[in-house]
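You will see subunit A twice below: alongside subunit B first, and alongside subunit C after that.
What follows is the complex of A and B.
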């Protein structure tokens, strides 16, 4: 490798306030060379973002402080720079792309103004020159009609577009290093693939170094030359990407890799998960910080902290390097691969259901948003029906319609043989008892002023007239059922980690022994290792309690793992329904194929001779207010014909239990 | 720098608290604090400037201004607390219900509040106080009616934001009854900004009450409240400014103290 562009050594970052003195980053070191992509991966709370912000010296603005170590960039130590000197580097030599493009732009200035401001801050150019350069940059990052976009405000662009504009802004001074902090986490998988491809191209073109922060090992596998795995403020392993994926040395890396739900994972096998959660910064364990969660921890691990030692292929911080391997561990409680009895009894029958929102513009002009449009499908008792699609495809609205949290505009929904489309509130309550929901944000789903016990008891108190002691006993049982301590009863939601909170929400959802549970992005906000724990719990409860799930998620691999059948939604319509494995092995609809190809994957990244290119779908999902004519997917479809733009396809049989809505399948 | 600021605001809060406690003591046991009776007129000491014997000086009847201020605190406080309670409770409930029920109820409520808001608060209070016979009751009524819009709008906004939280959706999907959701989830989570606002309202009520008294719509009693005292001293402003100055300073200091405590309360309740 060429010479080091940025060399971080022994970096310590601390946050100090009145009561606490917290060491967030504890002596980490890594290097980046010109033209190299380094990925920092780890769970939330591991210190990835803090590291990125420290390199930019932005951490001081958030109350942090560099307590030690060096940040040598082009021979100068950034850690010693005064704020004014840092400003001349920031945005010029080192640029950053943030996770939330919507939040990173100032809403009161046009895109053009913000990009030219950055250019003119660092170079002596006239407004006209800067404008011309900004237009060039926007065109380069794949934004159509860049002149028009320059005059637009951030809220007029989609998330994917804004992220491109953000990248254009970061590139405006041709930086030596681009730091991208979870640049695609807020985006759909198809847009994510487009942005990742763009980053790769730009890196090659400008010979930039890229420091990419991600929680997604798939992204690291597709993008990185070198991967640093972070855990609780330290780097536990640092190796070339291929080496780390093929022969991970640290038990944490091994565990992370094993918890990733791959698209070719055996569905009947339980997911491996690392037990427990990442420690709070104020309660760091003695010795190796990973030891409480490590299946191989010895006394030595509990006493002394292992140093990051250089091995043949990279460096690793573990006392037992080479001796241990997580993949040899059996997964606790492997499912007996029970084939569920094929029952044809339908729990939900959804017929031609639509949900339209009408907004009146000036002069009474009607704008109809077709969030869900003419959808029909069944959910069979005891199965898990998965629903996937980009955001804006109407999957969450469909879920809310089934629970009658929203009223359908037209169509019919039958639950357990009973038409619930127009039930009055009294009758609806009787039906609601049998259907519960788990949502994406477990913390938001719980009243922050209620104790956990009371939260879990809420459904019991809503329906059953029981004595207090009985309700209390039942709540405690429920908490145990989802793997929590009985002591949780007296605590408040904020005292728990994300995964534990989701367990509480699950306990509440199963409290009434309901038949049906809607899981709307229930694991999307969780870290991979915790995600695996929750997925396992959901499946276990399904076996025990005979539940039926509607599992909505944008993560294809998780949906594939949990679902028996999957429906793919696009712009308010179901375009394909198929058994899970069939859908992934023989996707019929071009949209499904595009979605699957967009998923970054640990296994596929190094499958061929050279690293594969992601082949994303082009374009973005159109507004449901103005859906395209004919087949709604045709503007993005690689195999669209004249017929597709005129005639709307209907769902047709194309295999056993496999339906797709496309003109081009026979 | 930051550290200094913190301790400064803490010190301010402590001083404010002590001052409020002192005023409370005055209201509860004025005889304990005041050196003279508020009705004792010493004809020999008319319009004396402030001195050690008469801290705030004496007025045109020879009364000790300090003692009158101490005794007058009771009525001023009663007016403040009572009007905050009535205005706050009525406004809070109206706003909460409008926000929670939404739809037509909310629209009607909004129009009603908008009409109330087009009339300046002090003007509305004046009209009410003028229409009724001046009494403690009419002043409290006037102030509370004119303060209903601000309380109800804060409550409505808060309830609407809470109503859209995911846990309310969850409760709905569980099948918890609407009334239970309203009381146990929505109200419980909406009261904190409301409480802060009520504290601040206490100060402004006392100001409005003083204003009304000053304009001659106050209670005519032997012992004047703070506003009446100001009003009565107006005629002597040139010869004996202290009759107005000191009650005015007490009102300012008390309102300031209430505001500082209100701000601190907000910091404590909502650490954001």
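What follows is the complex of A and C.
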């Protein structure tokens, strides 16, 4: 192993204000060598981002302070540097890429200005030289027409392009270390695969060290040489990637790995989830910080904090290393998913539905955005219909059309045998009580000034003429049904964690014993362990209450696990519909195949002799204002023929219950 | 960009026409026959009144009167002062430069103070400087303009004898009134700048800028300030039009020449042509200021430019 480039040892970071004195990072140590990729993984709140920002000494700008430890970089201790000295390292020797490319650029300066700003800060180049260098960098990261992009503003580029530009900016001074903080979390899975590949290539080319922060173990598996698992401000396990994936030692690592929904997970099995949530910084438990959530905790674990001890292939902080194994635990609760009876009764019949948005420009020019274009499918009673596709494919719009939150431009929607396409508001109200929705951001979909009880009661008050005491009783039952304490009734939304808030939203959605629930990215914002809890809850409720779901998500593995059938959308159209397992074992449409191949996976990463390369789809989803002619997917399709650019394919049978819209399927 | 400007100019013209209608209606919605603002009904015979009405064209249908009024205005004829028979346009053009002078200097003072103190306040948030600035801005917002003016006169003219308390000749007479107007309106700008700067400082892109190794000064002056200007420009535009209204009071308090002064005199004397003329000119100034605000929006914020 080559020389250590960065060596973090005994790092302590604290946030201090008048009343509190909170220790967020507690004595962590790890090293990075040149050309090595180290991943920090863990749930949100584990201190990953704080660690990254501390290495850059950016944490001081956010009220943090290094309370102890060293950050030895190239022989110098960055922790001792004055702000001015740190500034000459930042962006030059250590550069950083952030999570949300859309928000990480200053909106009022051009991309070119922002890249050259960095170059000229650290080198003595003229404006012309810096511009030339920036153009080269943009070209290197795969941006077409880099000269034109230089003059564009951040709002004119897609998220994927901006993240490429951000990487170009980070590379502009050829740093020794690149820190990437969740660089692909805000992006589609296809773009994610492109960006991850790019990072790998660049790492090799520049012989950089990469510190990658991610909550996605799949990404860690595909990218990392070493993985550091963080929990509540400490590193609990630090090993070579393959070792940590094949033989995780800490129960937290084991739990995380087990709650990952893999693409080959048995659908009938309930998802494993780590119970509880990460503790708040002000309420750290005594002893091992993981003990309240650990199925193997003993008295010793509750009393003393285990040190990070070196083992054969890495180090781990657990008193019971070697004795415990989460994968031997049975999944709690009865498995809910039995084979459902083949029912042919349709809850939703959607026929040739379109939703077009018309914007009139200056001088009356018309721009038509075809958000949903001629879509037909059915949702059968009691099933979960999954909807996948990149952002901009029209998934959410389609969901909103079904709930009649928006009116269709053309086509027909029947709900439970009744045409609801043009219902007037009075009749619509009656229908609406049978359809509810759960959204991605649970906090944003509740009034923060209302008590949880009132939030859950609202649909009851709107539809049922009941006495106050009965409504109260019903609300308390609902809270119990979704696994919350009755005491939640009197609390406010901000007093709950993300997963608990989503439970409140679910309680509200099932309050009226509705038939149908739209779950639009309902688990996307949650940590894996919490995600598994919510998915299990949704499936339990489906069995108990006979619900039908439309489950929209960009995470393919979760959709595969919860759905009976799945529809794949591309640019406003359904390109494939198939039973869930069939879709993943025999994807027919090239787009579906591309999506599946883009998913980073814990299992596939080390399946072959050498590490696999991700094979992402090329390009990005075009604007629905100017869809390509013929098959909309043809410009990105690896097997497109001349016919594909002329003739638009329709959905055709290609197996039992399996439909696909592609000319190349016989 | 050109599209945005043309669109804004067209809407401005519509607004101006609306202002013209209102100005015309001032005369006709006031209680009583408009002619009574010219003659005393107790001493004039109905025949004389009818003759006068005919002479002034006030017996024609309202629509026709409006068309003739607009045509006159397009010819630059705003009528004559009922009191002095001086043409209204000449009167306004004579007095307008003094008011513009006052407004421009006041705007410069209030914008400079507002942005400077607002940014400092944000940078040193929750420290002594911030508290002082916030208390001062609250005081300036709460104090009536005329009261501040009177206090300044008492302090700088009566007590210290540094500056003249009245008149409109020369630069020295401009200092007190413009400082008064400027300080009063800077309070609002300070608060706006401080709040939006605090918001911008917490945006993720600020972390990116720091991660590039930029100095805090560059981050603040180059990036934060430009983003802060987007909401602040609106407030500045509103302040300019407010100052126009404030000039009515300030010109009276400091006995200055200016259109604020003539309109207050004209209102007292029911000299309606002057009131109409000044109101219409003020409308033009407001529309132009708003146009400038909208265009500078497009210059600062690329997102508006493409809209």
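FYI, the second predicted complex is superposed on the first by the 663 of 666 C-alpha atoms of A that agree within 3 Å, B and C clash if a C-alpha of one lies under 4 Å from a C-alpha of the other, contacts with A are read in each partner's own complex, and residues count from 1 in each chain.
The definition used in the following text is that a residue touches a chain if its C-beta (ideal position, glycine included) is under 8 Å from a C-beta of that chain, and two chains touch if they have at least 3 such contacts.
Here the structure is a predicted model, which is why all the values come from computation and not from measurement.
**Q** Check the residue A:459 against both partner chains and state whether it touches subunit B (first), subunit C (second), both, or neither.
**A** After superposition on chain A, A:459 lies in contact with subunit B alone.
**Q** Identify the partner contact of A:508: answer first if only subunit B is touched, second if only subunit C is, both if each is, neither if none is.
**A** Touch status of A:508: first partner only.
**Q** When the two structures are overlaid on chain A, which partner does A:328 contact: first (subunit B), second (subunit C), both, or neither?
**A** In the superposition, A:328 contacts neither subunit B nor subunit C.
**Q** Determine, under the contact definition given at the top, whether A:89 touches first (subunit B), second (subunit C), both, or neither.
**A** Second partner only.
**Q** Is A:122 in contact with subunit B, with subunit C, with both, or with neither (first, second, both, neither)?
**A** second
**Q** Once the structures are superposed on A, label A:444 by its partner contacts, choosing first (subunit B), second (subunit C), both or neither.
**A** First partner only.
**Q** With the two complexes superposed on chain A, say which partner A:107 touches: subunit B (first), subunit C (second), both, or neither.
**A** Once the two structures are laid over each other on A, A:107 reaches subunit C alone.
**Q** After superposition on the shared chain, which partner residues are touched by A:436: those of subunit B (first), subunit C (second), both, or neither?
**A** Once the two structures are laid over each other on A, A:436 reaches subunit B alone.
**Q** More residues of subunit A in touch with subunit C or with subunit B?
**A** Answer, by number of touched residues of subunit A: C.
**Q** Which residues of subunit A touch subunit B in the complex?
**A** 18, 403, 405, 428-429, 432-433, 435-437, 439, 441, 444-449, 458-459, 462-463, 505, 508, 518
**Q** Touching residues of subunit B toward subunit A in the complex: what are they?
**A** That would be residues 6, 165-167, 169-177, 180, 184-185, 188-189 of subunit B.
**Q** What residues on subunit C touch subunit A, complex-wise?
**A** Touching subunit A from subunit C are residues 3, 7, 203-205, 207-215, 223, 226-227, 230, 300-303, 306.
**Q** Which residues of subunit A touch subunit C once you look at their complex with the stated criterion?
**A** Interface residues on subunit A, with respect to subunit C: 53, 56, 58, 61, 87-92, 95-96, 98-100, 103-110, 117-118, 121-122, 153, 155-156, 166, 169, 362.
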